[in-house]
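Okay, structure first, notes after.
For reference, chains read A, B, C and D in written order, and residue numbers begin at 1 within each chain.
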Amino acid sequence: MPLDDYPPLTAASDRQQLKLSERLFATRRLSLDIARPLSPEDQTVQAMDDASPTKWHLAHTTWFFEELLLKPFLPAYRIFDDRFAYCFNSYYNSLGERHPRPKRGLLTRPRADEVIAYRAHVDENLRRLFEAPFQEGARSLIEVGINHEQQHQELMLTDILALFAANPLRPAYRTEAPEPAALEGGAGEWRAVKGGIHEVGHRGGGFAYDNESPAHEVLLRDFRIFSRAVTNGEWLAFMEAGGYQTPSLWLADGWGAVEGEGWRAPLYWERVGDVWHQMTLYGLRPVEAARPVTHVSYYEAEAFARWAGGRLPTEFEWEIASLGEPQPAPFDFARLLPSPAEDGVSPMFGGVWEWTASTYLPYPGFKSLEGPLGEYNGKFMCNQMVLRGGAALTPDGHMRPSYRNFFYPHQRWQMTGLRLASDA
Amino acid sequence: MPLDDYPPLTAASDRQQLKLSERLFATRRLSLDIARPLSPEDQTVQAMDDASPTKWHLAHTTWFFEELLLKPFLPAYRIFDDRFAYCFNSYYNSLGERHPRPKRGLLTRPRADEVIAYRAHVDENLRRLFEAPFQEGARSLIEVGINHEQQHQELMLTDILALFAANPLRPAYRTEAPEPAALEGGAGEWRAVKGGIHEVGHRGGGFAYDNESPAHEVLLRDFRIFSRAVTNGEWLAFMEAGGYQTPSLWLADGWGAVEGEGWRAPLYWERVGDVWHQMTLYGLRPVEAARPVTHVSYYEAEAFARWAGGRLPTEFEWEIASLGEPQPAPFDFARLLPSPAEDGVSPMFGGVWEWTASTYLPYPGFKSLEGPLGEYNGKFMCNQMVLRGGAALTPDGHMRPSYRNFFYPHQRWQMTGLRLASDA
Amino acid sequence: MPLDDYPPLTAASDRQQLKLSERLFATRRLSLDIARPLSPEDQTVQAMDDASPTKWHLAHTTWFFEELLLKPFLPAYRIFDDRFAYCFNSYYNSLGERHPRPKRGLLTRPRADEVIAYRAHVDENLRRLFEAPFQEGARSLIEVGINHEQQHQELMLTDILALFAANPLRPAYRTEAPEPAALEGGAGEWRAVKGGIHEVGHRGGGFAYDNESPAHEVLLRDFRIFSRAVTNGEWLAFMEAGGYQTPSLWLADGWGAVEGEGWRAPLYWERVGDVWHQMTLYGLRPVEAARPVTHVSYYEAEAFARWAGGRLPTEFEWEIASLGEPQPAPFDFARLLPSPAEDGVSPMFGGVWEWTASTYLPYPGFKSLEGPLGEYNGKFMCNQMVLRGGAALTPDGHMRPSYRNFFYPHQRWQMTGLRLASDA
Amino acid sequence: MPLDDYPPLTAASDRQQLKLSERLFATRRLSLDIARPLSPEDQTVQAMDDASPTKWHLAHTTWFFEELLLKPFLPAYRIFDDRFAYCFNSYYNSLGERHPRPKRGLLTRPRADEVIAYRAHVDENLRRLFEAPFQEGARSLIEVGINHEQQHQELMLTDILALFAANPLRPAYRTEAPEPAALEGGAGEWRAVKGGIHEVGHRGGGFAYDNESPAHEVLLRDFRIFSRAVTNGEWLAFMEAGGYQTPSLWLADGWGAVEGEGWRAPLYWERVGDVWHQMTLYGLRPVEAARPVTHVSYYEAEAFARWAGGRLPTEFEWEIASLGEPQPAPFDFARLLPSPAEDGVSPMFGGVWEWTASTYLPYPGFKSLEGPLGEYNGKFMCNQMVLRGGAALTPDGHMRPSYRNFFYPHQRWQMTGLRLASDA
């Protein structure tokens, strides 16, 4: 077994610190749980330039705590290996030179067990940090570190899927697959939302990323949004109607991707005999009509919406429409696929990341943080599209109305789908 | 001389048609005037994938009239050469297969003089069209055709500059260069604009593109905008301050371009001894501090603004601030450079295209036109940034508050610059 | 007309110089004759990286004389334009920096007529050189210059064909096309050649390149060589037998090219309805079965030979077999296609360049020349295959038993074919 | 421990079969020994397109026996996993579709321990094969299989070095490094060899590849060959003399590689402070002057020879000169570097693979084998250069005068060096 069980936590007196530390170590433990079904080989290889090896994710999230928390805040902290900063920095120019991203898969050393030891070393020191009152600033850095690691947990899962989908043996990451869905998810319906001046963005308590601020007012027009995400069944209809062969449905850059990449279906779909199948974290499965479509690019989502006579919602329409939506079910290894629509409804959180019509841009008055965390979000505010909602494999705490996810419009390896909107 | 003088126009009875026809044939004539200083060689070569040969522009704008106007509206129109549709369609999927864009420069045939003959044939038939009352729909297509050709006129000039800048002989396109500018353009000042709900987009009379509609309300915050564009002198200060060597100033994709392309200065700048020079349509000239900087990408503009402590305006801030700005001077071959700032002021129209902070996206309720013109604008609404204003070499009639120009954020071969904004 | 008639030569007293000067100026004139049917546009564009513009060939061959002959040997020679050395040096590192090869097509300036003026200036000075006795070394440099220009004449023709074949109008370079060939070229027969020690390479009088020396002995085995080149008809049979779909016939690198480039027929072949056509300097023509196949790569030639049960001859087998072959007919604009086989025979000189099984390597004891001419041949002695014979469009004087032409095994834009050999 | 000890062999009655089986199982065991110091991670990753993962080598050599020996010759053989043929076929078109070479590193499954199980399964069946008299043809296939696996053993070592050299931690594959060499290897001397007709190629007993046949006569001129390989010390002198900055020393394609790849030293050399170091299978070591230079391309070897006033020998000169050379020392994990020259002598076998001036081409009368083994050697006979000798890490039995190794002239990741020759 490549990954040892994680040692139990020690108690801590401060009540609030206890809760923070509980969340911290639960997060640290979940990363190991995600890696557990993987061999050292699986953890090491980089499926493609956009993806990273599991082992790299495990080490990078650890380096993040070491670099931003332990080095500045824990007196006499001993660095585990001073060469790891070069290996496991992702993109922080302010934190020094780093290993090139497309070559992360060449790092067979440190081995998977050495990365586990690195994690144990950092975790032990994180526990020591909790033994005394915090210095100023540490708390919010721990929050960032937790949220950072959770984001990487989702990437670990999508990157593993990319790796296993490239393997002719089509291995399954886990075996506790959900039951086949009912054949139909229900017709669904349009829900009307009133326009006017609405406030969007993060307000009030709880953690949020800098890109959700400042909260501000936006002017919306009346609009409608659909009660469920677009399903695989609808996508099959789009394919059968020649959607991938009709340039007038597509943005110019999207049509360029269709032709250049030879897209004919969502990523991970393949024909087995006469039946469309889909590679999933549970291995190859027949495509189920009632589940939300996944692994489509913005270009595909936008073309589908045009074909269907609707459009994508803007990120603010989406945000306003999502207020009052139910909280998603907790993260569960037995539910790594979006649940099928039922009676025409699929929830806005916890199914698929839903492409919006909005480019990822700063909010009015946005200021990047000082220091290295200023590189976390702001420098990516160009060329990417906002996704809202959160997927079946998104960690708890990463789904809220103001949360902004973002990817390039051609990218498909995340669990991405769409929900239609239309003018009122 | 490669291009013959254009024959004079015949009279027409209908007063309104006269004015339309006058504008049509004046536009047609200007295209030939732009090509006149060029040899057949110059007109044929494609400087790079983004650019097109002059000859191709001359033929493509002609095909546009032939295809959309003469074929449907002029009875018994004889097509000049039925192979030209393949050669000179740009990107209209609905109008058939076409020659690949990066290979436009391979079309040594038809020759430049044959393209002139093609233009004469189409122009003569356009005149015949004016001899009888119009069928429905033709008038607006002529308007589109005029505006289309004018857009290509600006591209002809920027594409010629790209071609001549790639020539080690650094040829001058024209010799009637403006005088050197005064050393300083003045300090300039911030102008305050009140926020609130403003109406933007095209309203009322006159031609406008579909992408300027529907006019709609937007909610702005109070902001300030600067009285002049950023100058070459300021850009030199940015360079000397290490702007091109400081990753924290840049968007991630921008820094990738700096490193990948080796950017160290605006496009067309080169050092001659100790002095920065700039390749222009008048040949190589020393960089003049008081003129607006040109040929910078969005990435560079955005980084400069960060360095300068400001930001780029959104397209709507820009539009509101431009209401009441003076009309630009008419197009003039002796003024193909942006005029220097005077007393700290440079006008918002007719100097440089000014990058905004807004992605080129459809307005709420935007609908593409039916038919081939639906491909004119809408399918490019992704991945590009909006520019506003209009450059020294922009044709008359293409500068108005609601006009939206758009290019990819890495592109630099247009006459692009910037003007700073800031929060109030 | 883009190219003026060439002025007549003046007389010269020295008998030998007369003959040399006659050949020199006849060569110079032929280059202009080759360019004559071309517009300035045609002369300027570069069809692909491997090809060069006609205008560039005209200027480069002129620079060769200016640089190597006039500058060192003609007192008080005035350089026509000192920037041309940068523009028109091809690959001589010892003669300074130069314009990048793939960007030769961007040189719209100097114009075609300026290149003609450059040629006239250099020619006039070459005539002045002949007015006095030569300094030592000039004679052989003139010989090299003539032969150099002749090599470029063939390239001009093949590069024009590449350009016109990329034009959807499929223009004809010349109209004096040969008559369609008889349907069959005859069965042909094997000719036996005795092995043993043979001398190969250049001996005795007349010009030869350094790569033909030193003459030396080689040991050959008995072999057979076919009486004619492989014909289009045979190539069609290869295609119909699935030659391009059968990996076992191909070298690994060849099969990589078939798959990577999508080869399904010789270059310039295209289907018009049910009939294979071939783009030629006379425009698009039906493929004629009796003519030698042309525009095949080494990979294709080698695969064909395997399919046919033969093999390619080595360059030395070819050379020995060619001794006593008839001299080819003089260069003729009405015969720019290889003549059809007659009665099973096609001559070894003047039809197609015939791929051999030999890599282009130095002969034992080969020494590169001192100075810039040392870069002429020797530095290309790697990765290329030797071709022997000479094509229909090869200039007179470039076909002799010891002559070694060479190209990379994937290249197809030269007039290349093959002749089978086999073990005795 | 990733690799289990190999089980002992059972006895066999046939004396000759015993010896064959001894060699077979010793070879099989050595592959596991080579993999033993490697973690599953190390065994899985592909350092670059030219290299393959250790695990892939282990499985591919096993598939070779399964496919060519067990399936046809062992009755009732049960295939281990019928999907492995797709995964582990290298390039045999005749044996079906296969996983793309540049994606071998994506095969995290089967895991390293599953590949070991695959090997055990095949080995057990190979032992069963030896329990009965052989059917016709099996013996020579076993010989080929042994030699094939030995070739892959060398590749395993060079591919591991490529992987570890790409790791910023610069791991050592093994620790039993040889002592530092004496500072100087001795001056060396020229050895004269008489020309005339010599016989080359494989004759007589013992295994040889098809590419060593037919033995045939060649005609050589008198020549000289040096008593030792070129050393690191000499290479440093070449570097200090500006060898990598002087285009006149290089073939055109070689100079293109120098400029395109930024070559400034042999592969794996790097500066640490002021001292050149070299990444080796024992980790990073200072460059030792007396050892033969390694990891240079043909282009570099050829340029060095020109700079040194010599040339590379042809493969036949090398072969004749090597007759009577001492047999190399047995393969030894403590001697994975070429031994330093002593008293000016380094042996021709067992130090470095020595680039020759000969392209890898078929011998006169060469015929590919029938069936899949016909793809073993013949289809690579183009574009590659012959190397002779054998390196410190070459397995026993792969060094003989007639042995022909071959690589592309730009490749450097094999243990390649050179020895000078000159005309008599």
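Methods note: a contact is a pair of C-beta atoms (placed from the backbone, for glycine too) under 8 Å apart; a residue touches a chain by one contact, two chains touch by 3 or more.
A quick note: this is a predicted structure, and the numbers were derived from the prediction, not measured.
Novice: Residue numbers at the chain A-chain B interface: does the shared fraction exceed half, giving same, or fall under half, giving different?
Specialist: Counting which numbers both chains contribute, over half are shared, so the two copies meet through the same residues.
Novice: Among all other chains, pick the one whose mean CA position is farthest from the mean CA position of chain D.
Specialist: Most distant chain from chain D: B.
Novice: Let me have the rounded angstrom distance from the C-alpha centre of chain A over to the C-alpha centre of chain B, please.
Specialist: Whole-Å distance between the two chain centres: 39.
Novice: List the centre-to-centre spacing of chain A and chain D in whole Å, with centres computed as mean CA coordinates.
Specialist: That gives a centre separation of 45 Å.
Novice: Can you give the whole-Å distance between the Cα centres of chain B and chain D?
Specialist: Here chain B and chain D have centroids separated by 60 Å.
Novice: Give the residues of chain D that touch two or more other chains, as numbers and ranges in rising order.
Specialist: Correct list: empty.
Novice: Viewed as a graph of touching chains, is the assembly arranged as a line, ring, star, complete set, or other?
Specialist: Its topology is that of a ring.
Novice: If you go through all the chains, which pairs of them touch?
Specialist: Here the touching chain pairs work out to A-B, A-D, B-C, C-D.
Novice: Under the stated contact criterion, what part of chain D meets chain A in this complex?
Specialist: My answer: residues 39-45, 47, 55, 83, 86-87, 99, 103, 105-112, 163-164, 166-169, 171.
Novice: What does chain C use to touch chain D in their complex?
Specialist: 91, 93-94, 197, 216-219, 221, 247-248, 250-255, 298-299, 302, 357-359, 361-362, 364-365, 374-375, 379-383, 409, 423
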